[in-house]
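Below you'll find a set of structures to go through.
In the two complexes that follow, subunit A is the common piece, with subunit B as its partner first and subunit C second.
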Partner chain A sequence: MLISDIPHAALAQRLRQEGVHIDTGAFTTHLRIGLPHLVEEFAQMYAQYPVEDPPGIDDARLRIDAPSFISRYWAPSAAAWMDGEKFFDPVPAKRAYTVLESGLNWAVATSLLSPMLVHAAVVERANRAAILPAPTGSGKSTLSAALSWRGWRLLSDEMTVFSFEDGTILPNPRPVSLKNKAIEIIAAFEPRAQFSPIYTGTAKGDVAYMRPPADAVARFKESVLPGLVVAPQYHEGMRATVKRMEKMEGLRWLIDNAVNYSSMLRMGFDTLTGIAERCEFYILTYSDLEEAVDVMNRLLEESLSTAASP
Partner chain B sequence: MIPDAVQRLVRALLDPPSTLNLSAREWNDLVLIGRNAGLLGRISTELKDRGLFHKVPQKARAHLHAALISAESDQTAIRFEVNRVVRALATVDVQIVLLKGAAYLMADLPCARGRMLGDLDLMVPLERIEDVEQALIKSGWLPAELDDYDQRFYREWMHEIPPLQHPTRETPIDLHHTIAPRTSRVRPDAKALIAAAVELSAPRLSTLGPADMVLHSAVHLFNDEVSKPLRDLFDLHQLLTEFGARAEFWNELMARAKLHGLGRPLYYALRNTRRIFMTRVPSEIEKTASQFAPAAPIGAVMDWIFIRGFMPSVGTEKDAATACARWLLYVRSHWLRMPPFMLARHLAIKAMRQIGERLRRRPIEDPE
Partner chain C sequence: MHCWGGECAVFNRLSGDTHLLDVVSSEVLRIVTAGTVETEQLCQKIAEFLDLPNSADLKENVSEILASLDELGLIEPADAC
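On to the complex of A and B.
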């Protein structure tokens, strides 16, 4: 059953009471929402996601609601609870959806479900995952959003999740968070892209979320082996250029972006060195998305041809 | 009185293969409560050692695996910190007594298996504690930055000095000179604790003797506020089971309890491990320990408070009785820690500080 299969009134009631167990690929979250307007935004953005019914084993429990009875009416705001504990300070109710998305990110980062989490967007083509590790603000969400409309499958715009059993990447595609100018850029880049409302006045300025293409959600149980690592760097006015990185430097780049490298001990080392052995590392500097997509396609072809001719 | 989900957790600890009959939803609760109670890593180890891990549902397996890695990571950090401490104290002539988790780990006791660890708890004689502190600071550990009141709180009233932390490894070291606050109603004999310490095979390190180790675990769990009470009670269950296999242990335990004036916490330990983990205690020992029991009506209240208050905090947020039991445990731990006037002043200072912090605090938004 998909979220869109549940009639709106029934969905609102379920979210308010027992909650829904929403499956985003690698993670299932037991989600409860007590704010009526947020139910609507959620139903729009997550229409094509399946719910587990009857519920199985949840990975996280998240509740978004008014922080207190008074704040339902006076200075309406939204707060998030994970496993029953409140985290984040409340934000104005009109930005409740950003709390939901941050909450779902937080749930991934703290669930400990996966042995290895790398702060990176990740996309797939020809059964090869391209990991795009980068700190916030380097355009990894924007680039992965663009790629997701040009033949690449979006696995995540935020966090690369590795399976502890075989080291493959577990997709967990969710609405892509775009900030400020990136919102217009993606809207102009791809007319089919559908967006949430724009939330103004967040700590990062304006934020809007792009719904992942239907294919990304429909295929989110298909895990992928890492194929290449490309660190994106948005640089205004620059032509797309690519530079190969030494493997050692690339490994360090991965380690720096790993959420839980040191606590993963041997397994963290093995997972990341395994990637370093399999993959080539590049730095991609770009300003124009079409050019960046071309470069990504070229890098993929190169990696496929080197793999074919030993 | 014990919720079904917690009973299944207890069963999983005592009889790990029993988990293989759990439904998906029961696994869901076991993972949630087990992690909250700090016991998931243990279940994971047990199932792996028995070759049963692959029979666990895939989703639960991922959580169990993660919990085990997290426990292993803690254990590695503690082993390394112990190693660094021994090195830093090379020129200080003092026997280092490991306490709690670090002791279980370095002595290779069964309760260390799959156990999470946080702080490194050490004990040295009071007259050497300054030398040890200075030696650690000289080797790069930093003392916690505390105001005058907190400094005084630790140094004059507590059983430990302000925590030390190495800036890169960040494992907090709690350096003790005894096992209960100086201001508390119980006054264990610190010299006797050190004199009876058992040397480990590793040079310079020791742990408390078996009876003292049990008593320390008991006084910590039943007189202090602890974050993972069910895990600590399971530690006690395992210590009693491990040491209790030797018949003389039980009489030593009673004798040491009398010596340290820790009869009451011992009574609670024996009673509650039996109630929850069905720990085997010789009946004559139980009879002897009952001399330390509180008056009957108080005993009944304490039974209720401990069982309720020890339940994992997750899933019981809306439960008024549990919240009440936890609050009573909190109040009681403070009551036992210091005399009434001192306590009143301490709570007043803490409350003022909290108000101040709230006024100063600026809201953080969207910390994505």
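On to the complex of A and C.
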């Protein structure tokens, strides 16, 4: 059953009381929401996602609600509870959806059952995953959003999740977080893109979320082997250029961006050195998204032809 | 141990740490892990590897690398066995 299959009143009641077990691909989260307007926004953004029913093992339990009875009416605000513990400072209720998305990110990053995680966007084409590791603000969400409308499948704009079993990448596509100018850039880039409201006044400025293309959600149980690693760097006014990175430097990038590398021990080492063995590493500097997409397509073609040659 | 362009990534089973070694440290580790070797013999091999004279400076650098690798627990002096 999808979120969109549940009548709105029933969904609001379930979210307020027993919660829903939302499946986003690699992770299942038990979610409860006590704020009516947030139910509306959640239902819009997660309409295509399935509810696990009957539930299996949740990776996390997240509740978004007013921090107190008084704040519900006097100074409406939203807070998040993870596994029963309150975390993050409350924000004005009109920005509750940002708390939901941050909470889901936090749930992924801190899950005790979590597989190996690298802070990187990841997209797939021709059964090859392109990992895009970069610090916040480098344009990885913007680039992955653009690629998701130009023949690439969005696996995640935030976190690359590696399978324990075979080192393949487990998709976990969720609404793509876009900030400030990136919102209008993606809106102009792709008219089919659908967005949440714009949340103003956050610590990162204006934030809006783009719904992943339907294909990304419909295929989120299809894992993919890594094919190339491209570190995006947005530089206003620059033509798209690509530079090959030494493998050891690339490995260092991956380790630096791995969220839970030290606790993965040998498995983490084998996973990331395995990527270094099979993938080429690049730095992509860009400002124009169509140019960046062209470069990504060319890098993929080169990767496929190298793999095919004897 | 995984190596690219002479540099190696090593997983340390004792500490659980990953070490990313430069070209010379990688070559020292490669030679030492291939079998017990005298320091003088090792210095000669490193001098040939770098195409440099087997000087006092080089010996000092190799000794420092050996001490670092020993401290990390990646190698140990043969007389400690």
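Brief remarks follow.
The rule is simple: the second predicted complex is superposed on the first by the 307 of 310 C-alpha atoms of A that agree within 3 Å, B and C clash if a C-alpha of one lies under 4 Å from a C-alpha of the other, contacts with A are read in each partner's own complex, and residues count from 1 in each chain.
Keep this in mind: a contact is a pair of C-beta atoms (placed from the backbone, for glycine too) under 8 Å apart; a residue touches a chain by one contact, two chains touch by 3 or more.
None of the values given here were measured: they were computed from a predicted structure.
Judged by the touch definition given at the top, the superposed model places A:Ile57 against subunit B, while subunit C stays out of reach. Once the two structures are overlaid, the count of subunit A residues touched is higher for B than for its counterpart among subunit B and subunit C. Contact with subunit B, but none with subunit C, is seen for A:Phe164 once the two complexes are overlaid on the shared chain.
In the superposed model, A:Ala218 lies in contact with neither subunit B nor subunit C.
Touch criterion met: A:Glu277 reaches subunit C, while subunit B stays clear of it. Shared-chain residue A:Phe269: touches subunit C; no touch with subunit B.
Looking at the shared chain after the overlay, A:Thr202 reaches subunit B, while subunit C stays out of its contact range. Once the two complexes are laid over each other on the shared chain, residue contacts for A:Leu2 go to neither subunit B nor subunit C.
Look at A:Asp83: by the touch rule set out above, it reaches subunit B but stays clear of subunit C. Residue overlap on subunit A between its contacts with subunit B in one complex and with subunit C in the other: 262, 265. Of all the residues in subunit B, the ones that touch subunit A in their complex are 24-25, 27-28, 31-32, 36, 57, 59-63, 65-67, 69-70, 72-73, 76, 313-315, 317, 363-368.
Note for the complex: subunit C touches subunit A at residues 2, 4-5, 7, 9, 11, 13, 16-18, 20. Within the complex formed with subunit C, the residues of subunit A that make contact are 246-248, 251-252, 255, 261-262, 265-266, 268-270, 273, 276-277.
Residues 28, 54-59, 61, 83-84, 88-91, 95, 98-99, 101-102, 105, 111-115, 136, 163-165, 177, 202-204, 262-265, 267 of subunit A touch subunit B in their complex.
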